[in-house]
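Shared between the two complexes below is chain A, which has chain B as its partner in the first and chain C in the second.
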Partner chain A sequence: MDKMKLKLLYSDLKSDLDIIEKELAVAVNSSSHLLNEASLHLLLAGGKRIRPVFVLLAAKFGNYSIDSIKSVAVSVELIHMASLVHDDVIDDAETRRGRETVKAQWNNRVAMYTGDFLFANAIEYITDLQNTYAHEVLSHTMVELCIGEIIQIEDKHYLEQTVRDYLRRIKRKTAILISASCELGAIASQADEETVKHLKWFGYYVGMSFQIIDDILDLTSTDEELGKPAGSDLAQGNITLPVLYVKNDPDIEPLLKEILAGTISGENRQILLTKIRDSDGINRAKQISNLYLQKALNEVKQLPANSAKKSLQNIALFMSKRKF
Partner chain B sequence: MDKMKLKLLYSDLKSDLDIIEKELAVAVNSSSHLLNEASLHLLLAGGKRIRPVFVLLAAKFGNYSIDSIKSVAVSVELIHMASLVHDDVIDDAETRRGRETVKAQWNNRVAMYTGDFLFANAIEYITDLQNTYAHEVLSHTMVELCIGEIIQIEDKHYLEQTVRDYLRRIKRKTAILISASCELGAIASQADEETVKHLKWFGYYVGMSFQIIDDILDLTSTDEELGKPAGSDLAQGNITLPVLYVKNDPDIEPLLKEILAGTISGENRQILLTKIRDSDGINRAKQISNLYLQKALNEVKQLPANSAKKSLQNIALFMSKRKF
Partner chain C sequence: MNEALIKQHIKQYKEAILHQVQQSTLLKYTGAPVIDEERLFFTLLPLFNGEEWEESQRKSAIAVTLIFSALAAHDLVKELNATSKDQQLQVLAGDYYSGKYYHLLAIDGQLDLIQILSEGVATISEHKTRFYDRQIYGFDQLIQSIQLIESQSIEQLLEYYSFHEYIFVMKESLLLIALKKELAAYEQGEQPFYISKSSQLQANINILQLEIEKIESILMDEIKNSELLEEQLKSIILEKLMKCTLEKQLREG
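What follows is the complex of A and B.
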């Protein structure tokens, strides 16, 4: 998939994304200097703002008005930011285990409450939309996200988990917020019920396809491409789809147990990664991702004719076909 | 204030509080075994359920129906529980500093997401009430609570803070959620606008009065009464109202700096506590608490005649006059 199209897509939305960016800065502003510092740091760290993009594109299928949809876009991005902060809170502490400073703990505490603040802020933003159904969608999304985080902890290191466990987990972790972004964008612009439903499912399928690719790339990319060591998921105990397909391979299983136990040598880690890369686990996972992509494109087809249809296709293809 | 009246008050509400208790158990139930365990543990740890009591009593000033108000009561209690869990997350880690186990970290992580889950759940519960204003009140309350937590971190150890800083902090930390409990109970039962306003302010004043007493008791009670060493607030760097009044006393200031720096001896800590107890800081703080109590009672007076009026008075008096 060519990046040119994605750039084009973003350039079409640029002025509205700028408005959202400014609104995000307003949203995280509070009477606490410390909170402002922490939130602004996060905000400036950027990110692709992919969820706001979905909100905007979905809203094109109704009465598009940036004023009425910007709260929704801000809201979903704040939830995404909050979940990133909370993901980091304890991880950070772990890497410093044994030599934790008061400052590190203090930062953890600030980070936790910054995440809470962003969550609460997201909820407050969505109330701009005087629509109780939208509140239900968003709050339900948050509940599912949290359950997903806990289940991810429960499933860690657990080799007996099934493909279904994995799919349920990434649904909660990733797909549901992208799905909600699409659904809420459509609701906020008063799109008709059929359209809302197609967009909701489109978001869900794209999210699933995207996360599977993300998990594949963690195994197949170079350390440089990832900006962290390849196989980090496994090293942290997270068992992803390609691994589930090959976990009982007698060549792979012993090394898998070593990496999950944290006892693997650097050399064996490379051997394990090579074995997984050469296995059919990667291709089978790609096939599943592709299946979700097809389902997503199928939902787009059923949407009413609209300039945003092409953009949705492009973004779905881009997210599901990226190389790293 | 006699506890008999409070017991009587609770017995009047008992059957409805039982319904709320059952609903809380339903609320925290999820598909994650780990999450259920953590949440149930919290739930069984109990607490006075004072916020649901305020919801119920406030609702008596409208069309009282437990079915329509129980979601509100569950919602505010879930927020309270969530904030308690998050308060503990990092504290726990600190007490184990230097000998942290993976298990401790793991528990911290679970605790953080359990708190997030309870927050999100609270928001989902309030959507049962198809009232966008109620969502606004609750989400705004959550935002303020989080800002309060961060400001409390910022103000720690900071001796130059003013009485106004302190009051703003306890407003966010305590008063605003009690105020929201009263307001939301009244809104959920469709009480008239004047009544909603009086109940909202009543809750705010009670919350302020209550928190000041709580902070006094941390200094004046015995270790046994508190279940933790007296003066814990100070030892943790939290400077409360009685201390603010006497911080420049030449007899107190040097010891104060020692306890805030964490360098105080056990003997000097006792001397400091005795000096504070004997100072007029305690009485001046009590006077401020009393002022808020009078304001609370004044709001009750202006409410329409109703059996719940007496209960609100009793609960206000009880919370502001308790000995430990």
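What follows is the complex of A and C.
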């Protein structure tokens, strides 16, 4: 995703995001020399910080005060960072965002402890927010995130899975944390109940749309754009929406079985990707992503008039229309 | 409380914990969560000594046990090549149990305890990395780390509910049990969790043996002379502490 373009969409949040960035550096600071190195390594790798952005924008619909919401923004980003560190162990990933992963630079065990340290700090940070319901939301989100990942492992290589299975999985894997970011931002700023609800659903729909696009891009982008080989998800056994739509196509099915079995040649892999790109699977998946985008925009429409409204709209459009 | 009743309580707690984290895929591939019965026993020490023990304390004790299950799941992830399905799910099992402890306390409105325990988990993670750090830690520092890793969350729980007077026995007992297990495993040529990763401990096995004897002696005196602990409970604790020594003696014939 073009980070620069995205940042322009919320440039008025820059000073508050700088505060969050500084706070993140404080949050990952550790008395352990090794953990400090590992956490800093992660922090320097950057990231879009899209979840804190959603927290801040959602908070604009209540009594916005950076001091009272920064702990929420830091917390959701730490959760995201921690889950990436653990995901890299699961995926046996050597690099992320062009940098060596924690597990590659040290080992899996250090990655586990780094993730645990970040998760624990995330929870500790958000206890600044003395609202039981907010903690129910976040803890439920953390559990659901895990279940999403567990299901993803279960569904790997399983061609009989349905579109519904896929949607349920990405809800937990991606949409729920973005939804919680919006909801918690609104709760922390004491927005009214109706507004909290619209923001929660906005986050959910944007998250769904975003993940579908992410899955499409894994198949349609170049290796350079992705920073990893195109079709990596599929090669790892993750069957995504565009593939589900074309899995029974007689031209595609045999190659699909080869890639899932790990026996595909480089040449056949390219042929498979070309066939999927040329199929209607991509367009059908785009249509579903678009449906979620429309639902997200519809939630924004129902929010009170506010400068953040336009930003939410623009970010949703950007995330769902991005090219890589 | 007598031994039979204690055993019954431990069994009930284990069932309640397993009920909290029932997840069919995890159960199939990673098995039930690790629940260390010795640790659970020392978590429930005030209950076994007849202290008033309410529902919130019951839930908090379950949450603390889940923290240890979460950490134990991650200790089972191999340092290299954790690519099998079982290992991948081991990573997620730890995260899942963590989420569950947080959720359990959140729905109970125990925000202060959540804050204290999460701070403790961060500290435990810091101390675990000491065994992987290039930086050299001294013998005493490593023993201190082992003690913290083994008992920090229980100490926080006991502090939180103002059961301060149980902390010494709990902390020293868990350290003693851990060190005895480590030493026994090391002597049998196994790969004990702490010693295998620390050249400092390996080079000081004799000092470790002396340290164990020192802790054992102080602890025995403390328990025998305790005005706080019921006599029946004293015997049960002493039996637990001697168990490792007896097992060692039996092995050595």
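Keep this in mind: the second predicted complex is superposed on the first by the 301 of 324 C-alpha atoms of A that agree within 3 Å, B and C clash if a C-alpha of one lies under 4 Å from a C-alpha of the other, contacts with A are read in each partner's own complex, and residues count from 1 in each chain.
The definition used in the following text is that contacts are C-beta pairs under 8 Å (C-beta built on N, C-alpha and C of every residue); 3 or more make two chains touch, one makes a residue touch a chain.
Please read these numbers as outputs of a predicted model, since none were measured by experiment.
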{"item": "When chain B and chain C are modelled together on chain A, clash or fit", "value": "clash"}
{"item": "Touched partner set for A:Ala261, first chain B, second chain C, both or neither", "value": "neither"}
{"item": "Which of chain B and chain C A:Val89 touches, first, second, both or neither", "value": "both"}
{"item": "Which of chain B and chain C A:Thr132 touches, first, second, both or neither", "value": "both"}
{"item": "Partner chain in contact with A:Leu8 - chain B first, chain C second, else both or neither", "value": "neither"}
{"item": "Which of chain B and chain C A:Leu159 touches, first, second, both or neither", "value": "neither"}
{"item": "On chain A, positions contacted by chain B and by chain C", "value": "30-35, 86, 89-90, 106, 108-110, 112-117, 119-121, 123-124, 127, 130, 132, 135-136, 138-140, 142-143, 145-147, 149-151, 153-154"}
{"item": "Chain A partner contacts - residues on chain B that touch it in the complex", "value": "30-35, 86, 89-90, 93-94, 97-98, 100, 105-106, 108-110, 112-117, 119-121, 123-124, 126-127, 130-132, 135-136, 138-140, 142-143, 145-147, 149-151, 153-154"}
{"item": "Footprint of chain C on chain A - complex, ascending", "value": "30-35, 83, 86, 89-90, 92, 106-110, 112-117, 119-121, 123-124, 127, 130, 132, 135-136, 138-140, 142-143, 145-147, 149-151, 153-154"}
{"item": "Chain A partner contacts - residues on chain C that touch it in the complex", "value": "23, 25-26, 70-71, 74-75, 77-83, 85, 88-89, 91-92, 94-96, 98-100, 102-103, 106-107, 109, 111-112, 114-115, 118-122, 124-130, 132-135"}
